[in-house]
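In what comes next, chain A is part of two complexes: it sits with chain B in the first one and with chain C in the second one.
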Partner chain A sequence: MTSPDKIARRKDKLERVAKVFGPGKVIPADRTVEFLELILSPGDRVVHEGDNQKQGDFLAEKLAQVDPKKVNGLKLAVSCIGLPEHLDLFENGIAEVVDFAYAGPQGGRLAELVANGTVKIGAVHTYVELYARYFAELRPDVACLVAIDADAEGNLYTGSNTEETPALVEAAAFGGGIVVVQANKLTDNLRRVDIPGEWVDFVIESPKPFHLEALFTKDPALLDETRILMAMMAMKAIYQKYLPKVLNHGVGFNTAAIELLLPTYGEELGLKGKACTHWALNPHPTMIPAIESGFVEAIACIGGEVGMEDYVASKPDIFPLGRDGSLRSNRFYGQMAGHFADMFVGATLQIDPFANSSTVTADRLAGFGGAPNFGAENRARRHLSEAFLRAGAEAHAGEYMPQGRKLVVQMVETFQGANKPTFVERLEAWDAMKTAGFAVPPVMIYGDDVSHIVTEEGVANLLLCRTMEEREQAVRGVAGFTPVGLKRDHAMVANLRDRGVIQRAEDLGIRKTDVSRDRLAARNIHDLVRWSGGLYNPPSRFRNW
Partner chain B sequence: MKLTPRISFYEASARQRVAGLLDADSFREILPPTEQRISPHLGMFDAPVAFDDGVVVGEGTLEGKEVYIFAQEGKFRGGSLGEVHAAKITGLLRRAAIRKPAAVLGLFDSGGVRLEEANAGEIGSTEIMRAILEAQRAGVPVIGLLGGSCGCFGGSGITSSCCDALIASEEARLSVSGPEVIETVMGVEAFDSRDRALVWRTTGGKNRFLFGKVATLVDDHIPAFRMAAVALIKPSEPLSVESLRAERTRLARRIEDYGSCTDARQVWARMGLDADRVPDMTAAELTAVKPA
Partner chain C sequence: MEHLSFEFDGGPNAPKSGKPYSVAGVVASSNLEVLAQPKDLGGKVRFEVSTTVAHFEEAWRAVFADFIERSQPRDVLFSINDFAAIPPVVSLRLDQAWEALA
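Right after this comes the complex of A and B.
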């Protein structure tokens, strides 16, 4: 329920705007700062649209230019602190508190500003957790959103990168908030209406198209044989064993290798039609060969991907397309599809001996993004599948109540780079907890949610571990030459290997001499274009032709 | 759309390229790694050395004809030209001038002179140039093959340009100053080295082919390089005053025709090509539409 005060404040603001700008929803771009000063009151909660792909950069830039004497004490909420302007708001004295899910490129500066007291963190969330709170205690007073096209009535076309717009607009429009949209173009002919104009108060045509990051484009040329070995081990030990039909892959190169091996090694393993048929995934270019080889039935898209528009439009059975033929992604729903999937496979920066993992380091507050929802054992899942039951049989063997289990796989090389071990005795998240003043360490995926760890040394099946000690030795047993790996109990690790808890490449029948880039369905981005029949149009920076 | 598997030249090591180009088991390496002729300079910088100093040289047969071959290893210090590296190539070319094989194949994959070897490397690259001209004077053609991951820049860019003919894939890059060097000197507005499409359409195999610098454009497939090399073997035509004049006239024409263009796409459009389509064409497609 919306409080009468909030409705009164909203009405008052709208009247102020009408007095200065006249009636109508269109605001001229060159008067955006003046406009924002009219609709913002000190202390307002401002939800700014920006995630790891699209960013409302024009509104962020203008927001950082408002007069802090008029507008201050704002509570900012944004999925991804991706722009310098998000933090300028704090240095300029306009905003006080931020709630977010992910900090990405601004993570280093954020850590500094938190340490010196310039930024107060409300909380660090997962994506869906943050969206959910917009409907509860983080209701927006003003929402600054992003669209491709808008008309004068406020109808929006958000297209391929619709992503989080529906969640944010719903929270604001039905919670007494004011909805402001930056659109690349004002037009009378929208190709479709993604957001009805009734929910939108103001639209501004931005001088430049909004920023869009090609985050999910991974160049196959950069996949080395270590990654291919890990991918083959994962496919044999996990994909072939459990046959997960619905799954989510993270954004990294390790899962890109699996995607590119599906048409070759995956076919040899007999996965086609039996596993990997339904995905919660952005339109990864590295999925093109698997799609063309008939592995994929449907993909629920969390976001879009730059350059994939034409290819996606040519696959109406697989991708969610509108009546106009273009993709509509949805981050909230896509996240939920992944939450209820059979399997998540992702990577991380640090893992401790109990399989807890984190991407936060002492000097970088990276946040969580979507991984915790994708990569959590789902205690709310009730529908059954072969993979869910097979994993459950291992996880709950001998217990009174039979249950299923989601597969949560962490795939990492034992070292991130020279002298940067992935396996550490103590996560740097503990240090971050101190510097940022959190009550608990910011852990990305908790150890007891993880079912398998895959490294170049082997696969550890944590579902088969019966004690904390076994679990710890299973982690150490695949941690290679890191300090964590060197501290293994050799007798216990040998025992775990005899029991199949730890499997090495040779235990899986994979000869390291057979591991070769020749197995990849595509060797480079150009091969992906060829697989797509010329429909994939990669950004310039990924081309070498 | 299924892809036909290719044996990538771009990804292969120098030895894999040599083995794939020549008749099976015909290659005999000169100064192989067992001889351990290492760089006398790299040790001073605590830098790792290679027992072949990053170049494979030797002799073998191509469709039964005797050929000499050298192949730079891009995976060792960017295929850079060091003193020993250059001396091995020079020695091979001088031997060719005496023994007169059907051709010398030069597989370039090099960012240029090795920084740690400065003058020794610079002198080395001029010695290679002289040796190429000596082999040619003896009638032995020197054919350059470009398509490695390091491209062909600096000293290697210059020496490769002395060849009788060049074969390149679209992945190849050929120039003197590398993209990063140009950006550093001229500014990012003049040349953005991170704009990969720009780098390739400027220095890449296709543009060099359309300009006539590259004789044969091939797909990134070692057997395609082999077929192209076989087709190009014929006695070298030595330089003459007439041939140099003709080349000067050709270059002057080129400046006249395209000197006002600021991007390869404008050049291609002026050649009457569909500039947006060029990057996506296969070697055969582009060869079919290339203006004479």
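Right after this comes the complex of A and C.
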């Protein structure tokens, strides 16, 4: 139930706007600050659309320019604190609390501003968790959203990068909030209506197109042989063993290597048609060779990817396309597809000896994004699959109630760089807990959710560990030459290896001389363009030919 | 540039490919070049390291000890030109050079 107060406030704000700007939904861009001051009351909860790909940069810039004497105490909610303006709001005295899921590029500055008391954090969420809360206790008073095209009635075309717009607009439009949209273009001819105009109160034509990050473009030229070794071990020890059909890959280079090995090594391992057929995934350019080789039946897209538009449009059987032929992604639904998948494979910055992991370090509040949903054992899953049952048989062997198990794989290099080990005795999340005033450490994926860890040294199957001591030695046993790895109990690790809990390349029959870049289906971005038949159009910074 | 030399007791596996040498890797940033040559060392294994990064003698020793335990080689000389490779890369190159010679 939306309170009568909120409805009255909304009506009052709309009347004020009508008095100044006249009737109609279109607001001139050069009067955006004045407009925002009319629709914002002190203390309002403002949901700003911005994730790790698209960002409502124009509205963020104007929001940071409102007069703090008129507008202050705002509660900001944004999936990704990706713009400096998000934090300017706090330094300018306009906002005081932020709820978010990810803060990648601004993580360092955020940590500073939290430590000196300028920013208060409500919570660090997962994407789905944050969206869900917009429908419960974090109902927006104002939502600032992003579209590609809009018409004067407020109908929106959000296209390839629809992403989180549907979740945000629904929470605001049906929760008594005011919906404001920045669109790249005002037009009478929308190619498709992604969001009906009835849900939208105001549209502003932005002077320049919204920022779009090519986050999921990984250049195959940067894949070195240690990554290829890890990919081959993961494919043999996990993909071939469990045959996961529905899976999600994280954003990193390790999984990009697997994607590029599917048509070569994956074919040798007999994965085609038996595994990796359905995905919850953005249109990764590194998936093109696997798609062209017939590995993939369908991909649920969480977002779009710059340059993939034409290629995606040429695969209506694989990607979710509208009647107009362009992609419609959906972050909420895509996240749920990944949540209910057979397997998640991702990476992290730090792992402790009990397999707890976090991307939050002492000086960076990076947040988690979608990883905690993708990378959590799903206790709500009831449908069965070969992979789910095989993993469950290992995890719940000897128990009274038979159960399935999701595969949650952390694939990490033992070092992030010289002298920067991934494996640490104690997560810096504990320090972040203190400086940010959290009640518990900001852990991304809890150790008991993780089924496997893959490093250059080998694969640890934590499902087969029966005690905390075994789990700890399984982690140390693949932690390489990090301090955590060097502190292993050699006898226990040898025993775990005999039992197949730890597998090295030689245990899997992988010769190091077979570990070669020649195995990659594409060795650079240009190869990907060729695989796509010229339809993939990479951003200029990836064009080096 | 630091020069280090290590000698370990070898295992049962002498190089038997008949090749005079093998090379793995390249001298490039975060990488290294490993030259492996059969050499009568009375059953021992020797590592000669030239590296751009000083003060990592113990790390080198740990990586070599791990390699010896894994592959059990004997009578080989490994000459290494290192450009700040991290330990897992060193391990991979040693394995590749040895596999080609064994």
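Convention: the second predicted complex is superposed on the first by the 545 of 545 C-alpha atoms of A that agree within 3 Å, B and C clash if a C-alpha of one lies under 4 Å from a C-alpha of the other, contacts with A are read in each partner's own complex, and residues count from 1 in each chain.
Note that in this section a contact is a pair of C-beta atoms (placed from the backbone, for glycine too) under 8 Å apart; a residue touches a chain by one contact, two chains touch by 3 or more.
Everything quoted here is computed from the prediction, not taken from an experiment.
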item: Partner chain(s) touched by A:Glu469 [first = chain B, second = chain C, both, neither]; value: neither
item: First (chain B), second (chain C), both or neither touched by A:Glu198; value: neither
item: Chain B versus chain C as contact partner of A:Arg511, first or second or both or neither; value: second
item: Touched partner set for A:Asp67, first chain B, second chain C, both or neither; value: neither
item: First, second, both or neither for A:Glu15, with chain B first and chain C second; value: neither
item: Partner chain in contact with A:Ser540 - chain B first, chain C second, else both or neither; value: first
item: Touching partner for A:Asp498 - first (chain B), second (chain C), both, neither; value: neither
item: Touched partner set for A:Ala418, first chain B, second chain C, both or neither; value: second
item: First, second, both or neither for A:Asp324, with chain B first and chain C second; value: neither
item: Intersection of the chain A residues that touch chain B with those that touch chain C; value: none
item: Chain A-facing residues of chain C, complex; value: 30-31, 53, 59, 62-63, 66, 70, 84, 86-89, 91-92, 95-96, 99-100
item: Sites on chain B touched by chain A in the complex; value: 1-3, 5-6, 8, 11, 170-171, 194-200, 204, 206, 279-280
item: Complex contact set, residues of chain A against chain B; value: 289, 292-293, 517-518, 521-523, 527, 529-534, 540-545
item: Residues of chain A defined as touching chain C within the complex; value: 224-226, 229, 413-415, 417-418, 455-457, 480-481, 486, 504-506, 511-513, 515
